[in-house]
Amino acid sequence: MYVGRSYRLLDFALWSRRSVIYMVVVSGLAIAAYRLPGTSGFSVPWSIVLVLGTTVSLVAGFKNSQVFTRANEALQAFSQITASSRLWSSFCRDFTDAATARQLVHRHLAWLTALRFALRRPMPWESLARAANVEFRRRRYHIQEDKTSLADELRGLLGEEAENVLKSPQPATALLDMQLTQVNGLLKSTSIPPQIYSELTKLIRDFHDQQARCDRIKNNPYPRQYAIISSMFMMIFCTLLPFGIVPVFAEMGKLGGVLGAIAIWLTIPFSALLGWVYMSLDLVGESSANPFEGGANDVPISQICRDIEIELRRGLGETNLPKPLPALNDIAT
Amino acid sequence: MYVGRSYRLLDFALWSRRSVIYMVVVSGLAIAAYRLPGTSGFSVPWSIVLVLGTTVSLVAGFKNSQVFTRANEALQAFSQITASSRLWSSFCRDFTDAATARQLVHRHLAWLTALRFALRRPMPWESLARAANVEFRRRRYHIQEDKTSLADELRGLLGEEAENVLKSPQPATALLDMQLTQVNGLLKSTSIPPQIYSELTKLIRDFHDQQARCDRIKNNPYPRQYAIISSMFMMIFCTLLPFGIVPVFAEMGKLGGVLGAIAIWLTIPFSALLGWVYMSLDLVGESSANPFEGGANDVPISQICRDIEIELRRGLGETNLPKPLPALNDIAT
Amino acid sequence: MYVGRSYRLLDFALWSRRSVIYMVVVSGLAIAAYRLPGTSGFSVPWSIVLVLGTTVSLVAGFKNSQVFTRANEALQAFSQITASSRLWSSFCRDFTDAATARQLVHRHLAWLTALRFALRRPMPWESLARAANVEFRRRRYHIQEDKTSLADELRGLLGEEAENVLKSPQPATALLDMQLTQVNGLLKSTSIPPQIYSELTKLIRDFHDQQARCDRIKNNPYPRQYAIISSMFMMIFCTLLPFGIVPVFAEMGKLGGVLGAIAIWLTIPFSALLGWVYMSLDLVGESSANPFEGGANDVPISQICRDIEIELRRGLGETNLPKPLPALNDIAT
Amino acid sequence: MYVGRSYRLLDFALWSRRSVIYMVVVSGLAIAAYRLPGTSGFSVPWSIVLVLGTTVSLVAGFKNSQVFTRANEALQAFSQITASSRLWSSFCRDFTDAATARQLVHRHLAWLTALRFALRRPMPWESLARAANVEFRRRRYHIQEDKTSLADELRGLLGEEAENVLKSPQPATALLDMQLTQVNGLLKSTSIPPQIYSELTKLIRDFHDQQARCDRIKNNPYPRQYAIISSMFMMIFCTLLPFGIVPVFAEMGKLGGVLGAIAIWLTIPFSALLGWVYMSLDLVGESSANPFEGGANDVPISQICRDIEIELRRGLGETNLPKPLPALNDIAT
Amino acid sequence: MYVGRSYRLLDFALWSRRSVIYMVVVSGLAIAAYRLPGTSGFSVPWSIVLVLGTTVSLVAGFKNSQVFTRANEALQAFSQITASSRLWSSFCRDFTDAATARQLVHRHLAWLTALRFALRRPMPWESLARAANVEFRRRRYHIQEDKTSLADELRGLLGEEAENVLKSPQPATALLDMQLTQVNGLLKSTSIPPQIYSELTKLIRDFHDQQARCDRIKNNPYPRQYAIISSMFMMIFCTLLPFGIVPVFAEMGKLGGVLGAIAIWLTIPFSALLGWVYMSLDLVGESSANPFEGGANDVPISQICRDIEIELRRGLGETNLPKPLPALNDIAT
């Protein structure tokens, strides 16, 4: 997640320069078509561009609005996980002996780790593979989960238990399951009072719910049929745009003078400017649609989980605490 | 649910080619009307098309937005069912003897099966019967529920109990009812502690709620009055469109040259292109409105239920596990 | 609720034909004004129509969107009632003796009946009294609550108790109150364990909540100030429309030929077509705003309650079950 | 809240006639500017009006949509209060002796009264002080809370206790506090079983939550920065409108004949009509933004509270019941 | 939060005057370009401005709508905190001895204080540093948290305990943790009945949830990628606007007379007026996006917390109560 004041315009322009190049090429074609003998005077009526423009704005507006809701829900899930983790730690410390508390809290951290790695795995529809994003990522930030492996982290947290967990196809679910089994055991041996059992199961249910919520967002893309229709409208609009602009500036060319000589070429900068903002509108939506893939606009789950880890370890009285993950180039991951 | 990177444009175009054909025919009529002696010069004023264009975009935008919410709610229901199923399995295993646990978990799988079959039954307003969708389905994927029968699956899961369930008009409800009765019995015989009874009834209540939610989406179409008004606007807009475009290109024909000769015929590709994207906008909404019918954009309930089944069976220590349902041609069902 | 594939265009056209008639009359006036010597050439500038068109679409879009949310909430309430009714029936059967269970379940059915009749009573702002709707209803379907009386139905369900309930100004509330009193009695006499008491009160609270939700939708119209402003915009737009169209076709008349002779008269079909779809847009919203009045687009509460009744009676072991209410002419009520 | 079929157009026109007057004056200025020698031909290009028109519709649309949500939330709060009040009364009657029950229920009515008076107090941003609304209110309805005082009503309900409550800066909160203290006392003296204690505290928590919700809506206006930007757009649009219309009708004046003589004066009725509906769009939003101030579009809290009072008093067996508050001139307050 | 009737237009104009200056400069450039020999007649086609205008309105509309939701959620969190604080105070007073109650309530006030200071800390993306806002703040109001320090306030509330809390990286979380530990201790020593323990933990969970909600809003800006795309559209639109307006007024200049002489200069006031409202639309959204930073449109958390403090201290029987924080110049902070 970008946490600076605002994206620098230059960064943004670099990131989205592919649209500018496309628009310049199409504008060139539009001017050529307008001037070449065979097709001299060819243009697309502006009225068509106008109708398309309204639709494009609406379709992109709705898409961005829905994508925003998706990303917001992802944030909510992790915010809820933070609140519940704190309670989990408090109850474990106050009602179980030190060894059990340590085990329950470390396994909780292991769950966060497993969840985090699962949410970072690439999905076919995610946009990190796009050239613009690959480049931006390489230059500006990197993702914690690329630097370690789940196996290593789990071994550090769980000891021998880790091997069993790693064998499971869904480590996160397996870990929650183990938590519940241990808590159930504490109830059966009356090591914890019934009220506390009830609080702990409530928290485990919440972790299950939040995990299911994250999985839902991760496993189900923003509907591809909406995405393609939105991109199609945008491409058609931006491709027709220069053909609609060219006759207007050509007309201006009749005024003569310096302006007259270059008027038709103004089609290129104007088309490029407009095409760039419109295509960016679509690109921005597309690049925010998958809030867990680790892009510059996504939920900083590595950072959130690290913050929880520090808090919970300090609660256990540990002193060798990991460092918070700083935002790199204003991008928290 | 389509889970590839993006629909391929070719697939999309094939799927929606009926609109293109319609637009070509109407464009032909528009050119004919404009040129035939009797009606020479006939066209629809562009200003009318413009007003309609804005309305059409808005109406389609709101419709797609509401349909999106419907589909999202369906996803949420199944995501919640997944989370609760895991808890169900954990509690059953930890607090009841092996035989009872097995029975409670298998009956839960039977409930999922019955729910799944009920949600796949065809409804009059669903769009799978549309020519475009039938064809797409035949070529690209098939639905699990078409290949087996509820009776077979239930017999495998429930043994003799299955016959009674199958007699019930609503097998899914009957199964939840049996679960509650058995859990009530466990409380009466004090086989489970009151806290666990309370957890289990909470889960059964949740299954009832999610089933009612799915039924609500299945049994109540996206309001037909909104659907028809949206389609009417779209049809009128797309039909008038070529009549509005024809005079513009006819005018361009006066420029002479190669372009002059063919200008009026440009009406056809332009109308087809525009009509195609607009009609696709409506078609996409219509094809996403019923998230359980098994279309390419729907909630992959077969896959989700299979994943739960594998997890729960593994939890029981079974080894002869079914295979996950892979997405076929990038379509998860 | 209409549960067919789609409204037939003919039905829809018949239902909304009053708008067509209005538009034809206004178009006639527009042509007359344009041609009569005194006001020859009078028209409304299209630019005004264009601005109004955008506003009308937006205002109608927002209205329909809000009305949709209202109707959806009504559906949710009844979906929740269904889920809770099933649990109610299960708990009563499993934890009270047969006579008490029967009493509690029958009184629950009585509550559903009282709620249903209360929701069907006419309110001043409801649209069933509109000519278009009266006619449609007469020809196509009828409402269960018009054929029996609350008194009759309650007597069948409650026996002597019915008279007291009928004296109460709000039978539904009185019935829920009696349920709670009886459940309280069961707790006092320790006939039910505390856990079950807690489950039953949770369900009664839910019934109270859902009833309050339905009452809120029933007693509070879609804000009349929004409704009137939306209708005003629509009427002004549709009335000015033909005056804006007439000069365009009059201009086309100068082309001569067959077309020239009839061009100005094309104002009538075009105005009628456009006015009809726009007025239908408003009418559809208006006719969906009160989801309980029993219109063709409303929540089928008679049917839902009948389905619950059948299920609950079967659960009690009764054999003389009522029949499900079929959709008549594709309209479920 | 207006509960008639629809506002009568005449009432609506009278209420909003100030906009008409404004528009007539501005139109006059526009004609003068167009005709006076010095500024002859002055007009505002329609293209500017067109862009503004779209923005104005959108801004007003979003505003009305948000205001609608606010009002709906206020309704929900009171609907929830109704449901919880019924449960409160049932539990008190069934589990405490008659005197205590009477005290708990009367104090609940006192809470409703205190809440009601607090919600009716005027706030600086509320619109009842607007000339249009003052006049409408004087002619058509009056508000219950203007006719009595909180002190009188509380004395009737609470007896001596009332004086203490009235000294408190927030009587409603003080009353809920007293309820909880008494219920706590009942638990300590084991006069009520723990389950009932738990139900009663759940209800008190709900009353606290709903009160906080109402206070939030009452104390926090619809953001003034959005309100002013919306009004600014509307005023600029409506002021420029006649200057944009005048040249179009002036042009029509060149047609000669009767129409030619009066054409330019048509600017006035057309501007007035359009300006009136647009300004009404804003005015309607503004007048619905504060759902508790007692306007014609607001939540009828006096009526709702009276209905609860009647129900709860009847439940106590009282016979001297107050009368329901009828809607006056179709306006429920 | 502004709590006056409406922002005064003058204040608003002063606040946003930078946009006016920008527009005047650009208009000057547009006139110069149009008139200078080399580029004589240069303008931007209005059709481009029109398409941009629609998009700009939509993008700004969606942005303001999402920002409104953010601010509303912040209000909800504090409204919920108020309700829960009252319950916290009641339970503590009724079920623990005076000293414990005092400690629990004072620590709760300390939590509110710590939360408040945390929410007031500046974030890179917040807009209080903008010149327009700095100036407005200096002239009109100030923020409570700027005048004292967290350390001072905590020492007053917590005594010696304060030092430990201040050492913690997150004082608010540390305080909630201490509350839960103390409450757990009360349960273990059976100083409070289990029901009350359950009520108190429910409240602590709620405080954790609301804190996580506030932190989520505080730590995660309105997505910067949406903010920049919205600002880019606005800047491009406003910059092109005068170039689109200039030819229209230049044309009017041909009418001669007084008007003719000055017509082209009308470009400046008109561009400034339009540019000002449009840029204000964006600015208003931007200035409402961070509801805790203490701006004129933000949630008045200092005031809300002070009100809770007064109430809770009075509940403890304290007499030396702090004063409510009045709104200064109609701005509550």
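In order of appearance the chains are A, B, C, D and E, and numbering begins at 1 in each one.
In this text, a residue touches a chain if its C-beta (ideal position, glycine included) is under 8 Å from a C-beta of that chain, and two chains touch if they have at least 3 such contacts.
By chain, with names taken from UniProt: A, B, C, D, E = Bestrophin.
Source: prediction; values computed, not measured.
Within the contact network of the assembly, the step distance from chain A to chain D comes to 2. Path length between chain B and chain E in the chain contact graph, taken as the least number of steps between touching chains: 2.
Our note on geometry: chain A versus chain E, Cα centroid distance of 25 Å, whole angstroms. Centroids built from CA atoms put chain E at 41 Å from chain C. In chain D, the residues touching two or more other chains are 50, 54, 58, 61, 65.
The touch graph of the protein chains shown is a ring with every node of degree two. Touching chains close into a ring; read starting at chain A and passing to chain E, it gives A, E, D, C, B. The touching residues of chain B, counted against chain A in their complex, run 1-7, 9, 12, 46, 49-50, 53-54, 56-58, 61, 64-65, 68, 71, 75-76, 79-80, 82-84, 86-87, 90-91, 94-95, 193, 195, 199, 244-245, 248-249, 252, 255, 257-259, 270, 273-274, 277-278, 280-281, 284, 287-288, 296-297, 311, 315, 330. The touching residues of chain D, when paired with chain E in their complex, are 37-45, 47-48, 50-52, 54-55, 58-59, 61-62, 65-66, 123-125, 170, 173, 176-177, 180-181, 184-185, 187, 194, 197-198, 201, 204-205, 208-209, 211-213, 215-216, 220-221, 223-229, 231-233, 236.
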